[in-house]
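One structure, pasted below without further comment.
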Amino acid sequence: ADVEVTHWWTSGGEAAAVAEFAKAFEEKTDHKWVDGAIAGSGGTARPIMISRITGGDPMGATQFNHGRQAEELVEAGLMRDLTEIAEKEGWKDVVKPSSLLDSCTLDGKIYCVPVNIHSQQWLWLSHKAFADAGVDVPTNWEEFVAAAPALEEAGKIPLAMGQQPWQTTLAFQVLLTALAGPDAYTRIFGDKDAEFAGGEELAKVFEAAAKAREMSAKSNIQEWNQATSMVINGEAGGQIMGDWAQGEFQVAGQTAGEDYTCLPGLGVNEVIQTGGDAFYFPVVDDEEVAAAQLELASVMMSPDTQVAFNLKKGSLPVRGDVDLEAANDCMRKGLDILAKGNIIQAPDQLMSADSLTQVNDLFVEFFNSPDMSAEDAQKRFADLIANAD
Amino acid sequence: MSSVLINDLSLSFGEVSVLQNLDLEIGKGEFLVLLGSSGCGKSTLLNCIAGLLDITDGQIFINGRNVTWEQPKDRGIGMVFQSYALYPQMTVEGNLAFGLKNAGLPKDEIAKRIARAAEILHIEPLLKRKPAQLSGGQRQRVAIGRALVRDVDVFLFDEPLSNLDAKLRAELRVEIKRLHQQLENTTMIYVTHDQIEAMTLADRIAIMRGGAIQQLADPATIYNKPVNKYVAGFIGSPSINFVEGEVHPNGVPYFKAGGFEVPLERYEFAGNGPEGGKASFGIRPEHVFMGRAAEGLPYQAETTVEVIEPMGADTLVWSRLHGHELRFRVDGQTSLLKGEVVPIGFDPARASIFDANTEARL
Amino acid sequence: MSSVLINDLSLSFGEVSVLQNLDLEIGKGEFLVLLGSSGCGKSTLLNCIAGLLDITDGQIFINGRNVTWEQPKDRGIGMVFQSYALYPQMTVEGNLAFGLKNAGLPKDEIAKRIARAAEILHIEPLLKRKPAQLSGGQRQRVAIGRALVRDVDVFLFDEPLSNLDAKLRAELRVEIKRLHQQLENTTMIYVTHDQIEAMTLADRIAIMRGGAIQQLADPATIYNKPVNKYVAGFIGSPSINFVEGEVHPNGVPYFKAGGFEVPLERYEFAGNGPEGGKASFGIRPEHVFMGRAAEGLPYQAETTVEVIEPMGADTLVWSRLHGHELRFRVDGQTSLLKGEVVPIGFDPARASIFDANTEARL
Amino acid sequence: MSNTGALNIAAAGADAAAHDLAGPRGARPKRALSGRNIMIYGTLAVVSLYYLLPLYVMMVTSLKGMPEIRMGNIFAPPMEITFEPWVKAWATACTGLNCEGLSRGFWNSVRITVPSVFLSIAIASINGYALANWRFKGANLFFTILIVGAFIPYQVMLYPLVIILREMGLYGSLTGLVLVHSVFGMPILTLLFRNYFTSVPEELFKAARVDGAGFWGIYFKIMLPMSLPIFVVAMIIQITGIWNDFLFGVVYTKPDLYPMTVQLNNIVNSVQGVKEYNVNMAATIITGLVPLIVYFASGKLFVRGIAAGAVKG
Amino acid sequence: MAATRRPPTLFRNLNAKIAAIPMILTALVVFVGGTAWTVVYSFTNSRLLPREKFVGLDQYERLWSSNKWLISIENLFIYGICSLVLSLIIGFVLAALLDQKIRFENTFRTILLYPFALSFIVTGLVWQWILNPQFGIQAVVRSLGFESFSFDPLYNPDIVIYGILIAGLWQSTGLIMCLMLAGLRGIDEDIWKAARIDGIPMWKTYLFIVIPMMRPVFITTLVIIASGIVRVYDLVVAQTSGGPGISSEVPAKYVYDAMFLSQNLGQGFAGSTMMLLAVIIVIVPWAYLEFGGRKRHV
């Protein structure tokens, strides 16, 4: 049967990764993969997917950030229960970290297939910029902040930051995890501990964020890859960005350790967040498609598909039992941390999209309005956390 | 049997009442002209007869059939509009055929009727042209043709000639007259505000004012014996002279306004003879004669010339008589000077006198 | 000194030449009417004088000053348009004052001029109203007022009365005439295609056709001695009768068309006396008399009545004389029957004869 | 003397000769560089520049290679003209796994646009006609609702429409999408048509009624043939709107019906990875080509139609 | 004289009523129905899917306490006023220029009108690029030696909404110009002549005489501009996605984001309802006067 799969992976690397799924699916089964890509990230694609599902014309499978985005669709009985095949194939045992599968689970039933792990907690540093400014390449956030004046003096922008909302939010979350530690992160996003969010410990995170805001004040750019390219050619000292930034350095022919340095967890708390993507399978009437859905789920989870996909995508596989030989330096750092179990859950998994958007909005505003003091921001943050779910 | 009978017709647009309890009976083959100033409801009445407006109250009979609720096409009427209202994208032939095709007539019958209408109206050479390629007069002829082919007994004309220039108007007027003579038993109802048209065409004229008919009579009666001051003033160009004064009914009745005194023994009073009181004395400019022609007339006086309006064949003289303005018409060849004092005279039998209050003819 | 002098004026719109080498001299205080059928270039000429159109060649002088290149406002003219062209959102007062304010006149001077114009035109009660609240006649009066307050010597009227109904037209016509008499030394150039207007208002009439002036003369001359067939046919309503035939110039000259033979000894030939050849014989309906009035006239005959058009004061009779159509006018009181044979007569001295080829008066 | 008129004119001419005919003659001299002209053409030139700049940038960029673009000046003409971006945009740019460029969506766009334009104009013109010539009770109320509807943001109606279409069983079909376009085109189009038909002389309508034409007869035989300009306006507005639509095309249909704008969006909006500006620009121009051609082909009628439909009323 | 019965009113104009069914359905089901549905669900705490869990005015409280919403409103206000005023002025001035019997009128008109044929995605993209300080106008001017020249409207939170305006005007003034031009052509020639004879300068004639006469055109134009303003969404998304920060958010985007990004339908519906409320307060009295008051035949 033809299985229509919708997703928003349209850039070069992403599309190549998806192609691995399609290839594997068509090779291993008799079904056909009908690609329904919609570019413009989740913001554009998600309403379309949701409309399709609620409109009674669902696709065979669809990408969502796993977590709570699809919760209501599941509750409304619009998503296929995958528990049976998951148990049969023993997903519980192979998926590492197990939290990935937890967020696919509702009332003990599994509704989605996690396919990859993306980590965000990285600080990318330009060797050239620091050389020009005459300071050593920092090894953690503190040193980086200390080097900022020198960078500025040399006509560099200390911290490059694109101004799209998700980038500023990412920066804050990274600062939070790295500076206040994984527990603090969990208390806030997981337990929604408003008192803690308004407390002393977090104040220093907000101070750091204010500092980051100051350091990035002059970077007048929108796209994250523009920021990355400033790091690459030494105009900026560094950038806080997810592991996908690595692709840019590779394209520019730079080598980790020589031309640039990557610091997971900002060099302070070496943890990574295990966010990622997952596929859901809406309930369909067509028997054949229904059968194909299960096969697709199985293909996506299979070890070789996982390897092929994640190498292309630049992310980490969800299975603990596969080997990534081709991984590069920074990716290895990530794998190590993963192996040590220094992981935290992604915010999507902990908090509703609604609350997250509010948090996003706050940081977007904070990073773009120099007059908003760290205290104000913290107070509003605490309020948000108090009302979050 | 009457051709068109209108019984107690009323029409209002929302709050505005345009026609009130109007009764009108038109005989078979009659040419009735509705005459009145702008906005008096002429077109509205015509549209009611045609069925293009839904009436508020009353009944309309055409050829004895109650058509009050019928569709325009079923009423047996043809209509001609001021703006011609030709279908611009069809040829003349198409325009003529449109209604017939709608009625589902056979092709040869349509061709026959068009040929006949084209012949009557002399538009054979135009049949293949579009309206935009026609002159105003030709367009109007086609519009008449469109009514003609419908082969109906009642023609409605809504100011068909107003958009034409004077010369064409005169020509088409005669053609319409001829057409009416040619089509026996065809009733025509013709709206205009041009009196010459009304006078020359009508068997009877209905003078309308504010949605009501003031007088319905043949042209001569309307002209010579207007029933009220409005009609008298409305009909006649140059318009009638009015002098405000009073009628003294006792003895030999006479009309007096300052120094202007007219004996009325020759005047035919309406009703039971003369009544006294304030009145308007009306005399048409063409009934006032000057110089030799005035000799021997019952009323004679001298008047001072103020303005001279030569109009070609005739000349209109504005003069002052005992302080009242008096216009009269003299031959175009007469030479007069401003300020000249000339003898004039008229026959009071040709005058019209109206009550100053009711404005009705005395 | 002439008030308006137009010398060798030409104007073309791209390829289309509308006016060709036109000369015209208008005296101070004169009332000149430009008369002609639609599209003959009347408005165009007026616009040239006003400076609203850029001329192609020639010169224009107003009060002796060469204004060929001047702006309309500096030419010392006022203009009144058919569509009134009032500024819709200003009150009447605002309409009158707007131009003056722009010219930077002091307030009291403006007030004075408005008061005077309002008085002359009897529009004092309307000063606070907006144009939409006025009737057609009132609007046109305001439009005249707007020209009046400009205190200029030359007034241009472009069919100012065409949008009004017959009655109002007659009234305003007289008012314009009075205005002209009141404002001494004010030259008026008046465009119309209504002959009655032209005849009654004009000191001189210029008959235009296809961008050229056919005849420029006082109304009586135009009416009685048209220079060519076009003018003869254009002027006069009902229009002149034409009979095609030829002139026999030898001996006592006479005109012959079939059985219709008219001796021309009393006719004043133009130029060097009669010339032979094909010609049109024109005689106005009002110069043909019937019955007793025809007795003693140089030409007499009997004619058969075909159509009778009563027009109130007069009646127009369409008859056939030796196979030629002949219209004539009789008194409105006369009673005639279709088919009746009546005696008629006319004086050939009042006729106009035109060469069949050149159409010029013989 | 055979011509007194000629005499008169000649006399005037002779008199004229006696006058001092000095001074200007002929047309008022027009300096090509008068202040007024400089102002008018200058302003228009500057404004035209502002309007043409984006088109220029798009054109120029679409003809450059990526290295040249990275070097900077977006206004500089291409040093080396390459049509590769155009080829890529049309034929090989990828949307997910489908690497057929815009060509994949082109026919879908046509399939969507043609019936949508047709249906929406048909409905709106009939509405306008009914409103202008056959007023019935309550017509104004519905019309007012429609006009207010013109102000409702599309996003607001997204969800209710999903439900409505689902209930009608039309969700995901071409028919459904055509209906959606018709619904959203209705307010403005109805307004235009209504105004236009109002300006058609009422007498024409009356004449047709006397001639026995009914509602449809008058519409098809009298009104339609007279209304070319307003139909052109409606067509341009609809073709532009529907061809350029992305949201409805993608929300109310499925991938095998996705219009060209989905590919355009995919090409333009890929968030990660390097942006291929030249391909973006080429894709942009190609997508805009259809409405642009419609435009250039019917510009004059457009102004005429606007004059007839928008200005009155 | 047998009087035929008056046909029942329902069947008078039956065909017209049948023909109007699509309009009536659209008006009632889509516009009224959809609106009512939206309003009702704005009182629920619907998230991803509509749910009938009524929470009173909670959504509205949250809406009005949201900075993003307040900024959206403010932006819409600024954008709306500027866009309205500027499109009218620019559109009118351009139309007036084109109306001066100039040469190349068709060319100029086409140039001014063509952006209308392009989608907002395109418009946004191109302008985003031209206004980009790294390659766009700023970079070019700087490379000419004006180092301190700064023109980065899309990257400066204080003026970003004006940057969006630049593109918005570019796209829409052509149509406005066309409407105005059509209006100008409809003005009686004689009015111009009268004004010239009165010696009224051109600009005064436009200002005091012609513009007041063009009321119907301005009304149509206003409807078109205003409906565009309320809906402005694509342009913002294409150019700035609401950034920098949230400084170029607009209500339509707030609503869309709430519904589909935050998956909080209730909040989105509350925003929609507020927008509708504002529209209705402004439009309905006007629409009624404009279209409901006058009556014609039948």
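To keep things simple, chains are lettered A, B, C, D and E as they appear, and every chain counts its residues starting from 1.
As a working rule, a contact is a pair of C-beta atoms (placed from the backbone, for glycine too) under 8 Å apart; a residue touches a chain by one contact, two chains touch by 3 or more.
Because the structure is predicted, anything quoted here is derived from the model rather than measured.
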(request) Determine the set of chains touching chain A that also touch chain E. (result) D
(request) Looking only at C-beta pairs in contact, point me to the busier pair out of A-D and C-D. (result) A-D
(request) For chain A and chain C, let me know how many angstrom lie between their CA-based centres, rounded off. (result) 91
(request) Could you give the separation in Å between the centres of chain C and chain D, each centre being the mean of its C-alpha atoms? (result) 50
(request) Would you kindly tell me how far, in whole Å, the mean C-alpha position of chain E lies from that of chain B? (result) 55
(request) Can you tell me which residues of chain C touch two or more of the remaining chains? (result) none
(request) Pull out every residue in chain D that's touching 2 or more other chains. (result) 158-159, 265, 268
(message) Touching at least two other chains at once: which residues of chain A meet that condition?
(response) 47, 54
(request) Under the touch definition given earlier, write down the residues of chain C that touch chain B in their complex. (result) 37-38, 165-167, 170, 173-174, 177-178, 181, 193-196, 199-200, 219-220, 223, 234-239, 284, 286, 307, 309-314, 316, 318, 329, 332
(request) Name, in rising order, each residue of chain D that touches chain B in their complex. (result) 201, 203-204, 206-213, 217, 221-222, 225-226
(request) Using the touch definition up top, name the residues of chain D that touch chain E in the complex. (result) 40-41, 43-44, 47-48, 50-55, 57-58, 72-75, 123, 126-127, 129-137, 139-161, 163-164, 182-183, 186-188, 190-191, 195, 198, 202, 214-216, 236, 240, 243-246, 261, 264-265, 268, 277, 280-281, 284, 287-288, 291-292, 294-296, 299-300, 302-303, 306-307, 310-313
(request) Note which residues of chain C are touching chain D in the complex, please. (result) 2, 5, 7, 23-25, 54-59, 61, 64, 66, 68-69, 213-217, 221, 225, 227-228, 231, 270-271, 360-362
(request) Show which residues of chain D lie in contact with chain A when the two form their complex. (result) 94-98, 158-159, 162, 165-166, 171-172, 250-252, 254-256, 262, 265-275
